[in-house]
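The structure under discussion appears below in the form of C-alpha cells.
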Amino acid sequence: MDRALRSRLQARFGLELHGEIRQRNDETELRIGAGDVVDVLRALHDEPAFDFAILADLAGVDTGREMQVVYHLWSQSTNDWLRVIVEGLSRDDPRIASATFLWKGAEWMERETYDMFGIVFEGNRDLRRIYMPPDYTSFPLRKDFYLADDSARSPGAGVRHMERTHSPAEAGEAPLRSGTGT
Amino acid sequence: MTAISRTWDQLTLPGKALAILVPLLLFLTAGAVITILLFGGIVWNAILDHLEIVRLFVAVLAIVLIFIPFAFVIIYMELKIIARMNLRIGPDRVGPWGSLMSLVPGLKVLTKEDFTPTKADAVVFTWAPVVVFATSVMSALVLPFAPGLFGADLNIGLLYFFAVGGMTVVGLLMGGWSSFNKYSLLGGLRSAASIISYEIPLTLSVVGLIILAGTMSLNTIVEQQAGWFTNWYAFRQPLAVVIFFIAATAEANRTPFDMTEADSEIVAGFATEYSGMRFGFFFFAEYVNVFIVSAITTVLFLGGWNAPIELPWHVAIDINPGAYGLGLLFIIALVPVLGTLILAAPIYAMRSKTRWWVALIVGFVLFNVVAAGLTLLWAYASFDVVAGLLWFLGKAFALVFVFVWMRGTLPRVRIDQLMGFAWKWLLPAALLNLFVTALAVIVVQQWKGGL
Amino acid sequence: MSFVPGIGIVKGMGLTLRRFFEPKATVKYPEQKADVAAKFRGRLQLLLDEHGALKCETCFQCAQACPIECIDMGGMDTKSRFHVHWGPPETYGERREESAIRRSGRTVPDPAFNSFQPLELDALDEALRRYDYDPRRMLEILEATQAIYGHLPVAAIKKISQLTGAWYAPIYGVATYYGHLRFESPEAKAQVAAMAARRPSEDAYLAHLGASLAGGSGVGGPS
Amino acid sequence: MATTYPHGTHKSADDPHVLLDDEYGQYEPIPPYPPRTERELEFYTPGDGEMYLNMGPQHPSTHGVLRVVLKLNGERVVDIDPVLGYLHRGVEKLCENADYHQTISQLDPLEYISSLFCEWGPVIAYEKLLDVQVPRRAEYIRVLSGELNRIASHALFMGWFALDLGGLAPILYSFIERDEIVEMLAALTGQRMLFNYFRIGGVNGDLNHDFLSRLGDWMSRAGKQIETNLALLNENEIFVRRARGLGTIDREAALRLCMTGPNIRASGVPFDVRRAHPYSIYPEIDFEIPTRSEGDSLARYLLRMDEVKQSLRIIDQCLEQMPDGPIMAKLPRLLRPRPGRAWAAIEGPRGMYGAYVISDGTDQPFRLKIHDPSFIHLQAVGALLPGHLLADTMAIMASLDPVMGGVDK
C-alpha cells in the first residue's frame, strides 16, 4: 500500500480518473475512460516520476454489462502493482487505442484479447485471431457465450439446470451480486 | 480327377507343401545334372581361359555381399555405444544382448511400401538411392582387406577411390531435388555444398602421402608400411592424418558435420520423402560410407593389414594331419569327450547343487570356446591372410568406434561455419602439409644424393 | 574458453568416454521395478485395508468433485445389498456393466447380474411433472417411483437426476435414509441374497476384526 | 487428388512437373483467404528469390505443437509468422465454470514443465482475495518445492538446447537429473509432473521422511553432478560458436517486448519478481539475481545455469530455517471470496507468471486471466529471428525456452 503513489497519481491524472483510486494489499487500481488511454499510458511510461517500464499483463474483461481492458504495470519507483482499468467499452462494438506504440510485446496480448472478446485495438498492425481458427465467428470468453455441455454446473451455487449457466436472457440484467469488484 | 481332389483335401498343410516341393526338387536336380553333363565341359574351359574376369566378378559380388553384415554390425555398434555413453543400456531384448536389433530396421524397411510423391520426378526419384548405394559400395573395390584378399589391385587405386567417392553427391542431389519437398531440397543442396567443399582438402591431404609412397596403388602403400608401427604413414604425415580424418567425417555426413539430414532443422534432409527400401538404401549407404572411410584411413595411414609390432621369431606350427594315420580317427572321437569332461569336473565340484547334466553342458560350451580359440591361433600363425584380415578389420572398427563416439557427443556445426572451416582452415593446412612434404623429400634426396 | 581451440571438444569426448564405463541408469522394467514413492498418487487401484475389506465405500464423493468428470464408478454398496453406479449422464453404454470391482481384478459375485433392465419411463415423467421437477421434494418423487415400479431402478434414478438437476449423491441420500424405499425389486431379492451370501459374511468380518484388535498382527493385506 | 496427365497432353508437354500459376498456391503455406491485416499482407507477398517453408505442427523440435511459417531467402530467414492455437483448451473459460479448488487442477497442465509455478500464481491471488494468512511452514514448503521444480525445469532446458543443436548425450543426462528431482517431488506431492499440491491457504501434505531422505541424498551430490554435465557443453567450441552472438537482444528492445525472467536478465535488466516485488518468504532468504549483459543465446543458457546454483542455495536455507506448525490455514470447505479483484505474479523458471482474478462473491471465479511468459517469449522469437540462418531458428527458439502448453492456454 503505497500512499505516496496514490497522491502522485491523483495529482497527475485528476480529471481523467473515473472514481477514486482504490488500494488494497500491494495493488493500486485506477479507472479511466476509453478515450484517454494513450496519454495516460504514455505519461505512466515516460515520466520519470512514474517510470512504469514493464507491462506485466493486458487482460480483457466482460462484466456482463460492459467490456473492460485491464493493464498491469510495474515500476521501480513503487513497490505496488499498478492496475489501470479502462472501462466503459460498449459490448457490441468495443474499440480502444492499442498499446503497441509503447510496448511491442502488447501486440500478441491484444490479439488474444480480440480473439477472446472481440475488443478492437486501433493501431495494432496485426489484429488477427491467435488461438481460434481464422473463420471462427463468435468470441469464446464473452459472458453470453455459454458452454453447451454440462461441465458448466457448479456444486456450490445451488441447483441449476445442467445445460445452461448464464443463459443469454440473464446476461442482460446483472447475473452477479452487487459490486463485482466495481 | 475326383480321386486326386479328394486326396488333396485330406492332406494337411505341411502335407500339401511336401506334395508340391518334392516333385519340383526332383525335376530341378535332374535338369541340373543334364545341363552340367551337356555343357559342363565348355563352361569349365571358358572359365579357365578367362580366369581374370571371373575372379573380378566374384570379388565384386563378395564385396557387395560382405557389406550387408558390416552395415548391420555398425548399426548395432552405434545403437549400443551411443546408448552406453548416454548412461543407458541400449537394446538388449531382441536376440542375445540385443544383437538382432540392427536387423529390425532392415526388415521394417523391406516390408514398408516405398511411395513416390505425386509431384516428384519419378525417374530421378527412383534412381537416386541406387546411385548413392552403388557409388559407396563401388569405392570398396580397391580396398586391400588382406595380403591376397582385394577386389582389384589398380595401380591408380587412390584416384579411383576419390573419383567414385565424389559420385555420392550426385545421388544426394538427385534425391533432394526430385522429391518435390522443400526440406529435401535444402538437404540436397547442403549435402552438395558440404561434400564438394570437403573433397578438396581430402584429396590434397593425401597427395603428400603419394609423394612419399611413390605409387597410388593401395596394396603397395600398405606393403610399404610393414614392420613396426613407427613406419606407418600416420607418424610420417601427422598433419595429413588430422586433415584426412576431419574431411572424411564431412564426406560421410557424420556428426559434427551432418548438416544434410540435420533432424532438428530440416526433418530428414534429402531422405524426407523416401520410405520403404529406397530409404533403406540411403540408410545403408550412410553406414557403408562410415566403414569405407574408416577402412581407407586404416589403409593409408594406419598400415592396413600390418601388425603393429614385428614378432622377432617366426612362429611356424606345421601340423600334418596325415602323419597320425588311423590315430586321427581316435583323436577326432575322443578329444571332444575328454575336453568336456575335464572342463565340466571343476564346475560340478565347485557348486554342489548344480546338477551333473548342467555341468556337462557348460563344460561342452567351454570346450568349444577353447577349441575355437586354438584353431584361430593356429590359423593366425600359419596363414597371413587370416592375420591380415584380423588386423585390418580391428583397426577399421576401432575407427568406426571413434566416428560413433563423435556422433554421441558433439553438437552439429552450422552450415556456414562448416563451409568456412573447410575453405579457411582445412585447405591451407592441406597445402602447407603438401609443401612441407615436398620440401622434405627434396632435402632428403639432396642430402642422400650429396653423400 | 581455454587457449587451445580443440580442448573443449576433447574434454567433452573424455566425459562421454568416462560415462561409457559408468554404471547405467536404466531400470529393466519387468525384472526390476523403479522405487516409486509411497505417496505416489498415480496408482489407479482399489486399495484394501489391513482386514482385506475394500477401502472404497462407493460414496461418489470423488466422482462428484472431479472437475473433468472422468470418474465412472459402479459396484456394490458397503453392505452389498444392491448394485450402485455413478457416471456422468453421457457415459458410454459399453462402460456401464464394467463394475469397479471387476475392473480391480476381483471376481464380481454374479457376472450375469443385469444391472440395467430397460424399462418405460413415461409414467415417471408424469410423476415428476406433478412435483414440478423440484429436487427439494425428492422423497415424494421416490415414493411415486416405488409406487410405479415396486422399487427404485437405477434407470429411474438416472432419469430423476437428469430432470430435476439434482446430483446422484442427494438422491441416494434420501433413498437410503428412509427404510421403506428399496433399490432391488422383490423378485430380484433372491439374487441379491445370493450375492450377499457369497461375500464374506458380516460376523466373520467382525470376528476377524476382533482377533486383530486383541493383539496379534492382522491379515497381511498390502501395506 | 493430383490429376494425372497422359504423356504429351499436359499444358507444358515437355516437363509434367513444372508448377503452373494456378497450382502455385496449392503447395505453399499461403492462407487461401485474402490478407486481413497490414502485417499479413506484408508477410504473404513473396519478394523475388523468397520461398515459404512451413515448419508444421509436427516438427521434431518445436517444443510442443507449434506451426511457424518461415519466409526464406535461400537459407537466410527473412521473416516468420507463428501460427498458434493447436494446443488451446480454453482453460480460462473452464476455470470460470469450476469452483476455486477445481481451478488449481485445471491450471497445472498450462506450463507442464514447471507446474508448481502454474499453481502458485493463482493460489496467491486467491489468498489475497480471501485475505487469508498462510502459515510460515507452508510458505517454506512452497519455496522449497518451487525451487526444486525450477532446477528440474532448467535441467530439461539444458538437454533441449543441446538436442536442438544436434548433441545426443546432454538430453539423456538432463533427463536423468530431472528424473531424480521429479521422483523426489513425487515423494512429497504424490505426482511426478502435474502436482496439484498447493491449496488455497497452504499446502496439501507435509514433508515426509521419504522426501527428506531423497532430498538429502541428492543435495549431497547435486552441485558436482550439475558441474560435470555443464562441462560437456560450456567449453565445447562447436556449441559455443553456434550459440554465441545468436538472437541478441538489447535492454531497451527486451523491455519493449515485455520479456521477463532469465531472458531479460540475460540482456542486463535485473528484473526478478522474487526481488523486484517480493512475495511469500523470499525477503528472508538471501540469494543474488545473476544477470548478464550480452543478451545472446549463450548468455541466456549460462544465466539459467547460474540460477540453478542460486536455487540450490535457497533450498539449503529453506531446510535450515524450516519452522514447524500447521501447513494449512483454517478455511471453510466452500470458498466464497469477497467480490473484488486481485493480481499476483511470481517468478517462474521461464519468467513472470501472473494470475488476475475477479470474483463476484459466488464460489466460481468471475474471470481468471493467466499471464504466461512463454507466450511473450514466443512473440520475441518473431522479433529476433529475421536475418539468421535456418539452422539458427531452432537454437534461438530453444534459448528462449517457450512451452507450448503455456502459450496456447
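Per-chain numbering from 1; labels A, B, C and D assigned in written order.
Following the convention adopted for this analysis, contacts are C-beta pairs under 8 Å (C-beta built on N, C-alpha and C of every residue); 3 or more make two chains touch, one makes a residue touch a chain.
Quantities reported herein were computed from a predicted structural model and do not represent experimental measurements.
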item: Per Cα centroids, the chain farthest from chain C; value: B
item: Selected interface, C-D versus B-C, where C-beta contact pairs are more numerous; value: C-D
item: Most centrally placed chain - per-chain CA mean versus overall CA mean; value: D
item: Separation of chain B from chain C, taking each centre as the mean of its C-alpha atoms, in whole Å; value: 60
item: Centre-to-centre distance between chain D and chain C (centres being mean Cα positions), rounded to whole Å; value: 37
item: For chain A paired with chain B, centre-to-centre distance based on mean C-alpha positions, whole Å; value: 68
item: Distance from chain C to chain A - Cα centre to Cα centre, in angstrom; value: 44
item: Touching two or more other chains - residues of chain D; value: 94, 98, 169, 173, 176, 232, 236, 238-239
item: Chain A, residues touching no fewer than two other chains; value: 151, 153, 155
item: Residues of chain C whose C-beta touches two or more other chains; value: 9, 12, 15-16, 19, 25, 65
item: Complex contacts: residues of chain A adjacent to chain D; value: 24-27, 29, 53-57, 59-62, 70, 72, 74, 76, 79, 81, 83, 102-109, 112, 116, 125-135, 140-141, 145, 147, 151-157, 165, 176-181
item: Of all residues in chain D, those that touch chain B in their complex; value: 1-2, 4, 17, 27, 51, 53-54, 59-61, 75, 162-169, 172-173, 176, 232, 236, 238-239, 241-242, 389-394
item: Contacting residues of chain B [partner chain C, same complex]; value: 81, 84-89, 92, 405-406, 408-410
item: Residues of chain D defined as touching chain C within the complex; value: 94, 98, 102, 105-106, 169, 173, 176, 183, 186-192, 205, 208, 210-211, 228, 231-240
item: Complex contact set, residues of chain C against chain B; value: 9, 12-13, 15-17, 19-20, 22, 24-26, 28
